[in-house]
Amino acid sequence: MQFFGSSEISPSPPLPTASGNNAHMMYVFNRNGVCLLYREWNRPLRTLDSNQDHKLMFGLLFSLKSLTAKMDPSSVEKGNLGVPQLPGQGCSFHSFRTNTYKLSFMESPSGIKIILVTHPKASDLRESLKYIYNLYVEYVVKNPLYTPGTPIKAVRLWEFQSLRLFEGWRRRRTRERPIKSKGKEALTKLHPSTTKLDLQIRKAFPISSGTEVSYSTRLSINTCEASDSM
Amino acid sequence: MIGVGKIKQYTNVLDKPLSKGRQEVSLSGFAYLFSELVQYNQTQVDNIGELEKRLEDAGYAVGVRVLELLCHREKGNRRETRLLGILSFVHSTVWKVLFGKVADSLEKGTEHEDEYMISEKELLVNRFISVPKDMGSFNCGAFVAGVVRGVLDNAGFPAVVTAHFVPVDGQQRPRTTILIKFAEEVLRREARLG
Amino acid sequence: MAAIYSLYIINKSGGLIFYKDYGLAGRMDTNDSLRLASLWHSMHAISQQLSPISGCSGIELLEADTFDLHCFQSLTGTKFFVVSEPGTQHMENLLKHIYELYTDYVLKNPFYEMEMPIRCELFDINLSQAIQKDRVAYLGR
Amino acid sequence: MSKTLTSLASILLLSLCVSAFDKGFSSCNCEIEGFFGNRSNVEVKNNTLDCVNYPSVHLRLLLSAVLFPATATMEPDVSIDTSSIIRIAVLPIGTIHLHLFRKYAGMLGRHHKIELSTITSFYTEHQKSPFSQQPWESGSLKFKFIVGGSPPSPWEDFQSNRKIHGVIGICHCPSSPDLDSVVEQFAAACKGYSSSLVQRCFAFSPGDTQLADGNNKGNKLVLFPPADQRTQEIHLQTMMQDIAASLLMDFEKWVLQAESGGTILKTPLDSQASLSSEEVIKAKKRRLGRAQKTIGDYCLLAGSPVDANAHYSTALELARLTGDYFWYAGALEGGVCALLMDKAVQRDPIIEEEVKYRYNSVILHYRKSFIQDNAQRVSPLSFELEATLKLARFLCRRELAKEVVELLTSAADGAKSLIDASDRLILYVEIARLYGTLGYHRKAAFFSRQVAQLYLQQENSLAAISAMQVLALTTKAYRVQSRASIPKNAVYNDIGPSTADGGKMHHHLVVSLFESQWSTLQMVVLKEILLSAVRAGDPLAAWSAAARLLRSYYPLITPSGQNGLASALNNSAERLPSGTHCADPALPFVRLHSFPLHPSQMDIIKRNHGREDWWAGSAPSGPFIYTPFSKGDSVNSSKQELVWVVGEPVQVLVELANPCGFDLLVNSIYLSVHSGNFDAFPISVTLPPNSSKVISLSGIPTKVGPVNIPGCLVHCFGVITEHFFKDVDNLLLGAAQGLVISDPFRCCGSGKLKTTTVPNITVVPSLPLLVSHIVGGDGAVILYEGEIRDLWISVANAGTVPVEQAHISLSGKNQDSVISIGYEALKSALPLKPGAEVTIPVTLKAWQLGLVDLDNIASKSTSVKATRPLKDASSPMLLIHYAGPVENHGESPESVNALPPGRRLVTPLNICVLQGLSFVKARLLSMEIPAHVGEITENALDGVSADNSSDSSRHAADRLVKIDPYRGSWGLRFLELELSNPTNVVFEVGVSVQLENGSIEDNCSEFDYPKTRIDRDYTARVLIPLEHFKLPVLDGSFLVTNSRSNGDGGKSASFSEKNKKAELNASIKNLISKIKVRWLSGRNSSGELHIKDATQAALQTSVMDVLLPDPLTFSFRLVKDGLEEVEKKDTPSKGPVLAHDMTPMEVLVRNNTKDSISMSLSITCRDVAGENCIEGTNSAVLWSGALSGMKVDVPPLEEIKHSFCLYFLVPGEYTLLAAAVIDDPNEILRARARSSSPDEPIFCRGPPYHVRVDGTL
Amino acid sequence: MSSTACFMIISRNDIPIYEAEVGTAPKKEEAAHQHQFILHAALDVVQDLAWTTSAMFLKAIDRFNDLVVSVYVTAGHILLIFVTHTRLMLLHDSRNDDGIKSFFQDVHELYIKILLNPLYLPGSRVTSSHFDTKVRALARKYL
């Protein structure tokens, strides 16, 4: 198993290609199917309560994976249908499309599943997924407060980033908003440990106001090793 | 198949004109109908022989009517009194009206004097039908065979008519051959008429 | 290298009624194909439930790493799906065509029992022709 | 004189015809031919159709029996060569029996042609023969024997062949001894035939005396001495040759003198008026021609055509010159005949053309010779017609049908202008015959009917007879023929639906479907037959006609008409001898309804030598399995087999229908079985108008073999007829196809019924027959739920054959309710002799009523006693397969090789289960009976020992309420069952528990608790203590612990959850299985209560408490100093605790788990009010030593004591309680305590202990 | 003047499936019977004649006394038979022939229509009252 510990990554945001790109929801699951994060931006239809919904989604991905692994025409011998596979093992899939939405999916070697539900016309989102994953690693995994396997509550920043990602897209679809300079000061107040990559993020995203509220998180000293818990 | 009646509603069948309305019915409509016919009959029988018989009877009823109608419509009230005449009538006139085309071929049996064969590369009724293996040599052309028999029998040429699959080399689909074996009285009469 | 690996037809209750394998690598035995079929059936249903917008009719295209899966569902719930090489085009048309063949040579065949496995010579023949044509088109590209 | 003779002859011919009717046509045909030998008929016979020959018979009949004034000009079956045939009258002389006369005449008939070559010996040429070119070697004389003779015709001069040239008398000597009188009679008879040249009287089989004096009776009398056939033949032949020769000579004479003599030949056509001068002249002129013609005729008769031709040609010349058309035509005719005689050998087209040409002119000239003035008297028309007929007969071939038809049509046109009725008759008959020859049956029938109508114009029985018979000939063409005229096999086999053209029937096959034919005609014909038959006084024919009419056409006949027919039937039946059979059935319509299957007591099952367990797989109703697509006939599959047993009566249901408007009395109806191994019992039925009735016809098979039932024999309307089922089936089939007007059963309102085919029935030799009844009370066995009861079924062999094999099996629902069957009881009784009886014990256990039938049973339970309980399908059936000896001795040998089948006796044990003691609910009660400090401990301790050493001293009671050795208190858990008793009897419920430790050593160590009595309509609770099931030690083995302790192991946790459940269930199950609740009802019936699932539900929740001990058990005790304690042992007295006294005590804490527990122990004391009297403000108890928060570790399975002292200030009841908080408990404890979260502390509390503190005052 | 005429339709197996007395003469039972007998007899002639020509209308193929039988043989060998008095024929011989002929043809059409009715079983009786009235109308028109 490989570690994503290194903080030297310089995530560059993918240039969202397809215009008219509209995100509906985003899920993040860990390997045990615990929904670490669920966000939705535009979901008029809601059939089940959120818990059910997550379960369903995870189940869907799980079995679709085994399906694809089984169907994989390239490999000669395939495991039995239904036996859970290690992440990265077997042929996986990266997206499917219905007439109403497109679901993009990526699974990290550590079994983190990131799901993006967008407009069916959305283009290939593998890059963005990877980017989100990077963000996850940076700001969740490395977040001392975060106890693995629990829903991501504390880490506003990361979520905020990923949010921004789509905000950005959405904005690109509408009109550019002028960047408030107020954000800068906000950032400079930050705890030294976070400033560095935050700058990176600033590079990545223009940040609007009202976001630094989320930074009133008191950091505690003791470390948590998120990376090996998964 | 036979032209369906006008849209106009008549109080009574007898008022409808017999004019040669060239109406045609949709092929799939017919195909579904025929399929149902076969399926229904399948429920009524317990071996293939009976099934063929039933289909043949169904066809026979068509044949009876077609004969009268066509002789009136197409042939201007002339009867066919000779063997070849009636055969060509079936081969051309009847086929044309029923299946929109003249039958592919009409041959005389080589070994037997009283056998004639009408062959069709792809019989209309068989177009969508693939007979399962376990039914052996069953052929839904039995229906058409029945039609032919109906025509011949009522025109006074009693005959045994059967439909067979005949494999054609170079094609994976066998063609359907309708074998007509006339009763000896017919041949005797032919001989008498000279 | 063939454009199409395999073709499945699932009846409205998720039973596999037709399966044909065109790909070279990785044969799969009937049980697996049956299970795959029913699995796909349920996945298809779930994907409809998960739709953010109403009026979802299930997965149409599944892009896996090594193949694409195009699925077409008829109004009666019969599902046709082909497993093809990634990025193969005009599979929708092919599926529609197969659907036509199905209505012609299966539904109109008096000896076919609804929802039962398809064993119709004519269907096979025409199907293979269609696939052949498609392949030719593919190679032509 | 001649009158009588001829009528006699007519009778004879009549008999001939009639006989011809019963024989097949062909036979009678040749007879007739032989009789009136003429060649044309023979041809006719050869090329077709019997129908045609009949008219000829008739004709003779008609002519000879002079029904009409003998003015007939036309003659029957004339052909071209008629004019070359010599007529000889054959007369009966003296008294002679009909059939003898017939025989002799028949012998004559064979000699209708005499070769010239054969008569040379008798021929002596007196002078130069006029027949110069007589073909002596090839030629021949032809004869025609006119039986009974005929009056001289006025046209003899015109056509010499009409003359009767010879008379042959036939007399039978024994019946007319006096030869002289014979001779006289003969002479008298011959007077009538002036034209006869030769007369002979053949006297057959004369006596010796007659022989003696016969010879001098002159040459006219010829005696045929009795001899064998051949010699007589030869004799007759020589006689005939003699006659021929003499005739020939006479002809020569005649011709010679005719050439010389100048007689004027006249015909009725010539004016009979006194010869006026020009008439005479004309006659004179014509004389020669006519003479020539006549001579020509004689030449023909003499068999020399060439001469004839010569004469005719001259005659033709002369006649043309003299304009004598009539004779011209005659000569022309003769010429043709001569031509044919000359070249008759081969008929080539040239000659045919010639003949056609000439005959047309013949016809033409006959027509020319029509004379107006005497048209009303005579006319040549008849000759014209005759000529036409001759030509037609000559041409009569299929190929020339067209011309023949034209000829005949024109001939038919001529009919109405014929003067003479008999001529018309003959004409029609001839036309009919010719059409028949042509194969035009309907035409033939048409003209035959014309003939019949002509007959019917006479009010005359003979005419009526003829009419009837002519009509009978037409029936085939009109398809109304009587069954009698159809060959039997046709009746049996041919009738039947043949789906030849599109599933429709071939009509000619369906005899019974008259109305599907041309009903109008058929009815008319039948009516005419009926009429003529009545007139002719032939009751049988009348009956059959009426029957056919009524049966086939009732829908077309008005009710009055139907009544008329019915009376006609009855009338004609009166004139028939009783028991007459008629081939044609009348009413009612009989169709096969069904074959009632054997009552289940006597099912018959095939057994084969191979399998010993032949009964296996022969279920009462096995599904009929067939391969859906097997090419092959499905006929046999549709036809089911049926097996009858000799001597056991069987029934067949048939349905009768009377669609007519009158009451139908069927005197008797019974099955007609042609294989004679069945005797049927007749019954009689009356059917009201338009009604149908299903009756059951019974009978007894008498012999082994197949039975074939084609139909029923019905005795109705005074005649016995056979009604075939097939006919009616066809009729119904036709009705279904709209071919038949009406369906007799439908119009009688009877339901539509699919035609049941007669199964092929086989009769097997007599078999044993078991009958069974349940001993005591044949009705239903009434049981309460779960009741167990024995009952006895007695089986008796009512058959005539011993039972040698028998096998009992169960079928139907609730088979498990039969606990045991006494097979051996039956086995031992084998072989069961006829009449022997054996009783089989069967043990039943009533099943539980489902909720569904619970209520309806409850509703019924009131009425159950009163009415016989309905045998519902839920009760099981006892199947006894049994069979007789393998080889049946005494039965017919051919059935020895075939193994006689076995049988099956089905005895339904109709059990009626009443709702018994019903189970309301079960729940778990847990209670604690507090213990007293100090008192328990001892017997607690040996309670421990008591457990594994089961000594008799302790009685059930305190074994039942067993004390947990480790906890002082009597902590008990009870399973409480609430039972209600809705019935009206008293139940006693007893609970019994079997211990597992008991079940280890001796399986039956279970003890039951005092019985609980539940009165009617009461509910009661039964307690079942569960203490026994506690395990001694609490360890991890029972609880499945999830080894990996990480809380977030989602799935794995769920897995372990799962099989923990399974474990629990299993343990509960075996726990429950140890509890048995038996009940005992007043009426010595006992049963068991079914409580498993209920108790399971009850125990589900707290099974752990039931099964597992607490991890820690606490107990208190007083401590004295050691010695007291010793002596305290043997005197187990409760040392009272005194107030105001320091009482040392100790608490014992025992660790029931397998690993040590560290805990903090604390003790409290409460008073009666429950106030804590250790802590608190007004503490009534002072203490020394630690009472709370002391940390102790208890090693596994050991106990520690902690001693302390209490000082009670106030006497009274106190309660001591010990409790402990277990630090870092392990999995087991946590699981036991059902603590979900890992970190919450586990609190253990001991049972309360009472301490009585006495005051000191 | 009165004309008697009997018209029948005979099925292939020589069973009348329709009969009508279409003469103006007063109906007489036995006369009708006689007509039918004649027709029945005429079948023999027809069955031979029908094969010699392919024409459907065979005029005056048979006669008895003064009754003439004309036949119209359809393709299915259904016979429309017809009996009339010669007298009537004699009166207006010239155009009555084709009168009968066109009568036959029209009835033939009617018959075909009847036949095309799926509920009509070929070879069974024609019971349609419309048919009857129409036939009689035609008879009045042409004869």
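Order of writing sets the chain letters: A, B, C, D and E. Residues in each chain are counted from 1.
Simple rule for what comes next: a residue touches a chain if its C-beta (ideal position, glycine included) is under 8 Å from a C-beta of that chain, and two chains touch if they have at least 3 such contacts.
This structure is a prediction, so every number in the text was calculated from the model and none was measured.
Common neighbours of chain A and chain C under the contact definition above are absent.
Judged by contacting C-beta pairs, the busier of the interfaces B-C and D-E is D-E.
Taking the CA centroid of chain C as reference, the farthest chain centroid is that of E. Relative to chain A, the chain whose mean Cα position lies farthest away is E. Taking the mean of each chain's C-alpha atoms, the chain closest to the overall C-alpha centroid is D. Chain A and chain D have CA centres that are 81 Å apart. Computed centre separation for the pair chain C/chain E is 65 angstrom, with centres defined by C-alpha atoms. Separation between the centroids of chain D and chain E, computed from CA atoms only, is 44 Å. Remark: chain B and chain D have CA centroids separated by 37 Å (rounded to whole angstrom). Counting partners per residue, chain E has 122 as the residues that reach two or more other chains.
Multi-chain contact residues, meaning those touching two or more other chains, occur in chain D at positions 502. Those residues of chain C that touch chain B in the shared complex are 103-105, 107-111, 119-123, 125. Listing the residues of chain D that touch chain E in their complex gives 401-402, 405, 409, 412-413, 416, 435, 440-443, 445-447, 449, 478, 502, 504, 506-508, 516-518, 520-521, 524, 737-739.
Within the complex formed with chain E, the residues of chain B that make contact are 2, 12-14, 16, 18, 61, 64-65, 67-72, 75, 77-81, 85, 154-156, 189, 193. Against chain D, the residues of chain E that register as touching in their complex are 13-16, 19, 32-33, 36-38, 40-41, 43-45, 48, 62-65, 121-125. Those residues of chain A that touch chain C in the complex are listed here as 24-25, 40, 42-45, 47-48, 53, 56-57, 59-60, 63-64, 66-68, 70-78, 81-82, 91-101, 103, 117.
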